[in-house]
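The structure appears below as structure tokens.
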Amino acid sequence: MRLELDGEMVERARKLAKEVTDEVQKFIDLRSTDSVERTVSRLFGIDGVNSEGAPLPNVVVDDVKIGGGLKRGIAYWIANGCVAKNLDPQGLAEAVGRKEFSLVKIPPQNEGLVDQKMDELAAKAIEKIEDVRNKRDKMLEELGDPKKPYIYVIVATGNIYEDVVQARAAVREGADIIAVIRSTAQSLLDFIPYGPTTEGYGGTYATQANFKIMREALDDIAPKVGRYVRLTNYASGLCMPEISAIAALEGLDMLLNDSMYGILFRNINMMRTFVDQYTSRLICAFSHITINTGEDNYIKTSDPIERAHTVTTSQLINEQFAIKAGMDPKYMGIGHAFEIDPDVENGFLYEVSHALLTRTLFPYATPKYMPPTRYMTGNIFKGYAQNTLYNLVSIMTDQSIHLLGMLTEAIHTPLVQDRYLAISNAKYVFNNAANFGSEIELKKDGFIQREAQKVLENAVSLLEHVKEVGLMAAIEEGTFGDISRRMDEGKGSDGVFVKGEDYSNPLIEEMERLLGVRR
Amino acid sequence: MRLELDGEMVERARKLAKEVTDEVQKFIDLRSTDSVERTVSRLFGIDGVNSEGAPLPNVVVDDVKIGGGLKRGIAYWIANGCVAKNLDPQGLAEAVGRKEFSLVKIPPQNEGLVDQKMDELAAKAIEKIEDVRNKRDKMLEELGDPKKPYIYVIVATGNIYEDVVQARAAVREGADIIAVIRSTAQSLLDFIPYGPTTEGYGGTYATQANFKIMREALDDIAPKVGRYVRLTNYASGLCMPEISAIAALEGLDMLLNDSMYGILFRNINMMRTFVDQYTSRLICAFSHITINTGEDNYIKTSDPIERAHTVTTSQLINEQFAIKAGMDPKYMGIGHAFEIDPDVENGFLYEVSHALLTRTLFPYATPKYMPPTRYMTGNIFKGYAQNTLYNLVSIMTDQSIHLLGMLTEAIHTPLVQDRYLAISNAKYVFNNAANFGSEIELKKDGFIQREAQKVLENAVSLLEHVKEVGLMAAIEEGTFGDISRRMDEGKGSDGVFVKGEDYSNPLIEEMERLLGVRR
Amino acid sequence: MINNLDLEHLRPYGDQLNDGVIQLSFTLPVPAGAKAREAAKRLIESMNFSDVQIVHSEDIGEDFTFFVVYAKTTRDVNYKEIKTLEVEVPKMGMEEINEKVFKYLKRQIVIVGATIGSDAHTVGLDSILNMKGYHGDSGLERYRAFKVYNLGSQVPPIELVKKAREYNADVILVSQVVTQRDIHIKQLTELADILDAEKLRDRVLLVVGGPRITHELAVELGYDAGFGSGTMPSEVASYIVEKMVKIS
Amino acid sequence: MINNLDLEHLRPYGDQLNDGVIQLSFTLPVPAGAKAREAAKRLIESMNFSDVQIVHSEDIGEDFTFFVVYAKTTRDVNYKEIKTLEVEVPKMGMEEINEKVFKYLKRQIVIVGATIGSDAHTVGLDSILNMKGYHGDSGLERYRAFKVYNLGSQVPPIELVKKAREYNADVILVSQVVTQRDIHIKQLTELADILDAEKLRDRVLLVVGGPRITHELAVELGYDAGFGSGTMPSEVASYIVEKMVKIS
């Protein structure tokens, strides 16, 4: 089954998306954020909390910020402190945490020594990340990469230990990817909670300890089921790059990470999000972490047929931002979703068309396909039928990452049996219709072809407009998800700052160099 | 979506099937059965039971049989009795039921008068049937024929009044056809039970009163829902033609009626079945009753992939027998089914291929597609997913009569909610994928095309063999459903007899004449 | 309704009147097998079920067993004596509502709406408030009679109360969609407590909505009304007017 | 098994250990609406459920309302004390069985099988008896140790007993698939009664199978064993041999 797309139109779309993001990247390059600086602290080895429970990466960055030194970059202050106090970054941070001193109050040390320290800390961080990455790449190769579409399920009990139990059961049943959903509104926290947690709402807190616990559980069961099992979490919200950092350290395989989701759906400041996503994606690109973009969200609040082109537009923008962060396409989990009202006549044809469009536009990516959610109801049987067709569209159109729909979507986060039923439905359909997509052709100039072409054309028109007014203004206009956000609005705006002349961040620079995107 | 079949192969298959059935028809034409004679009695107006509860049609036929006169045909004896006693057939039968006299003991009356009586009774019977038929044709036209595939559900409570309640609910939900399933083993009764019944097992007794009750209920609700609602029952088993007769009288729209089902699955004698099916089909053809053939049964006991060609073979045989009975193709509900093990890789492709084969081979018929049953389990959710794909194949391949699968198929006859869930699943899929079949093409020489061609070829080979050995010997060999039956074996063989030289049956002859199949 | 129905002893209808058939499914954290099946059977039997049929039991990994069960309840319910707590208001048209408000109150009704606490689901609240409305039924913003302030999502209760005071609100509409671990109960209670503490509770009509909200629950939490799944804006409008006019 | 499991108070596991969550669905023969929902809720609450959530209620025509419910059981079950009635036999290989029979009995075991009464479902019985067997496990005909007479379907109990006597059967295997209105109970009881009356009961091993048959039910009806859904021929073979050798 092949979609015939106008090749020129595709090129034009990509070019426009590039131009749109080029403009934004200029803003990004001039700035950093509190979270980017905390990311550096974390990768330099700072972890733990102070006696009041504040995470030490926050403590040191806040210390420098209050002291007015953040424009120079936290890397400098940590290196300077380490040299002065002859401590490692963790020791230094603990001392700051105990309020023994402030980093900005430490007299500037020999510049050569400080530079050397920064480079040394950066190199160590890089090495750590590489170690984890290489270990995972090796495991993936040894255990074997499961067949696509990967079966992706969520666990969301709020308690990491219950999550582990349920994740293990899901893996036994056939899950290839486990996503631990975060607790409601964690994205609005300007810090990452610490330690193993057992009390979340609608999900489990993303903490480094929780990552480790789940990673170990999955690594324990993977050899037993004879396939590599991927772990997913969320690099969204006010701690976007930091989460990427701890994910890199704990060997996660995927992160939900979108260049605009936080702006639109969490009312996070635009500049903050754009700057954060860049660092966040550098880390992902470097760590071989697949990102999952969030276009499914747009058609949760706007019409999935009429606004289909906003999904395409956002996908192209996400792709360009990922390219700017040096990401190999195979780590781009370009998002889309099966969200059309089940009562729409020929809704199935629209879904096939849209899903094929994503697949065809991004041939080297690993698209992430999301299930029906907004038109799921308390009728769990009906929901199970909707998920059956969703599974069919996925296997027909050759999707890569397949997030399973739950029959209880409208009711609660998944019960252990809901997940089982979802997995067995997907396995049934994937096997039963394995080669269906390659055994049929689309009618020439038929509905499916025309619909895809139309969506693409609309995306191009929209991109033209966005290019004209600029991405930020377009967001103000309510282009995506029918939501409007103003440039100066939103949470976390006070955490964005323009880098000083003397700003240094050798860690990020080294990653840029290694990824070939040194700017 | 078009299946490319080798046109010559199709013709060859039809020709072979014709030749095979021509041979059988020679046997049929020479014979009658107790049930055929009871059918004549019924259509002459005999109904009711005697004081011991024996149905009067049985009473009169048994009376003549014991008296050694059946070779002449019951029509003669009834007419002779009516003339002699100046009674109508019902009065006559009641008298015989009271053992007042035996029909064979009544002296032969003036031949001209008797002939005239026979013709008169036949003409009245024809008129009655025509009246019912015309009334139904008119209602169908006025109320409107629902869109195909027709949504066909069963009721099977055992109690006709409960059946009515559930049938009405089903019609409200969208059912186009209500089939009242018969009580277990009614097909082995050599009489039709009498009156309204409330105690059946796995189904409700087929009685004329029950037919009337349900017909009235459906005719009452049809205008309320604004569409014609069809009623179905079973003309199978030892009373095959009699059931057709009462169905014709009560205005049923469809009957399960297969030329070989009884032989194979009920161990009814071959000759009995072949002879009975002929009269039975004449009545259906004349009454515009759609028959539903039973090929789905073959793949309940034999492998649906390996033995797919036995389905095709039987379909072609059923078609030829129907043609011999003067049936318009649009009343041929050629049976087939979605019965492949859901664990088979690409089972969905086989199903599409087989379903298309039936659709393509019988372009003027109204194929009846049957749901998954044998691989349904107590996992009702899994079953609901299987039914979703079944519904999709049906709408994709443009089936006409669509018997709904029940999620509780492996557990019990349908609960009111099971039927509702089935209907809403079908409506969802039929609407959501309405034009899917016409928007795709099959890959040229792809799996689906090749599989269909292969099944057709195998059917031709089989028909060649059947032609060589004869249909009856082929059945002995276990050709269909992996079941072997011997010619002389089986229930009801003592009810078959060779017509005498003086046999007369003006009713059947008149129908043959009107249908253009006078032999 | 069907014949012979004994409304004082209403029972589920499966295949026959009063057969009491119910379908169940659940998971026990023990390995599949005869012992698990027996445990499932006993559990269900201990819950006023008879004729318990374990129609499916399956190992779903890590020593969990999933069951599908059909059984018959031994209980019935007196349908005749049921008085529902549902908000019952005469449904009025938009113009009727507008006129009524201006006739009796002689001013617009001020409405403040928000999804509170950690809840970010706005679609439900927006369906009630936005012009566009829900399934063709216009939202409250479209009514001349209402002045609507939609504060959006994740509004802390204290903030909502501040705004209500600022706008001199007659009605507070809150939405709660996430219910896991009863977070909605906590957040709704917090709002009610603040209103009480600030002596505002008696001066506003306090209404909550969401897919898992029932009127019964709302009343229990000290709210005036609760609206569940599938609520139409016009129902809410009618309710508000009915109440406001009564109060005035 | 998972940690912290209290096997003496075993409860369903939905999202959390011991949360007791159960899914239900059923139909009430009353019109959809608040009153029907309340009736459904009360019914379920009267059955040792708490936290009853009516997550779906829908008019399904003719004043029937279909419900989907999630609720928590207030009960638990003592898993430790469960002794199952299941037939438990050591599974033996075909050769082992053959050898054992010839060693201890020194002759073939004669088996007569049928589906009785009005039941025409032969696939299940054939799966146990026919050479081909079930899911790759050979049927009893394939064992040298058995002489099998498969009488097919719809055999009247009296006929079956006649044949059993005629063939000097050691074992009678009956299959019952249709269970509507307990027809299987009637037919199985009839067979047992005839065997009793004919003083044959003690001389044969009497076994019943079918998808809705449990060992418990079989024993209750006076049978030696019952086999349910998914039975493998080798299980039946092992059971027969174990018993026959013990008897001899």
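For clarity, chains are labelled A, B, C and D in written order, and residue numbers in each chain start from 1.
As a convention for this text, a residue touches a chain if its C-beta (ideal position, glycine included) is under 8 Å from a C-beta of that chain, and two chains touch if they have at least 3 such contacts.
Keep in mind the model is a prediction, meaning the values are calculated, not measured.
Note that among the pairs B-D, A-C or B-C, B-C reproduces the A-D interface, with over half of its contact pairs the same by residue number. Contact tally for A-C versus B-C: the pair with more C-beta pairs in contact is A-C. Chain geometry summary: the mean Cα position of subunit B and that of subunit D are 34 Å apart. Subunit B and subunit C have Cα centroids separated by 51 Å. Once the centre of each chain is set as its mean CA position, subunit A and subunit B turn out to be 60 Å apart. Counting partner chains per residue, subunit C has residues 2, 13-14, 17, 21, 23, 25-27, 53, 62, 64 touching two or more of them.
The multi-chain contact residues of subunit A, meaning those touching 2 or more other chains, are 165, 378, 381, 410, 412-413, 415-417. Those residues of subunit C that touch subunit A in the shared complex are 25-27, 60-62, 64, 66, 118-120, 122-123, 152-154, 178-181, 183, 211, 229.
Of all residues in subunit B, those touching subunit A in their complex are 1, 342-349, 352, 379, 381-382, 384-389, 392, 407, 421, 424-425, 428-429, 431-436, 438-443, 446-448.
Remark: subunit C residues 2, 13-17, 21, 23, 25, 53-56, 58, 68, 70 touch subunit B in the complex. Residues 1-2, 5, 7, 10, 12-14, 17, 21-31, 34-35, 37-39, 42-43, 46-49, 53, 62-64, 73, 75-77, 79, 82, 84-86, 212 of subunit D touch subunit C in their complex. Residues of subunit A that touch subunit D in their complex: 157, 159, 162, 165, 377-381, 408, 410-417.
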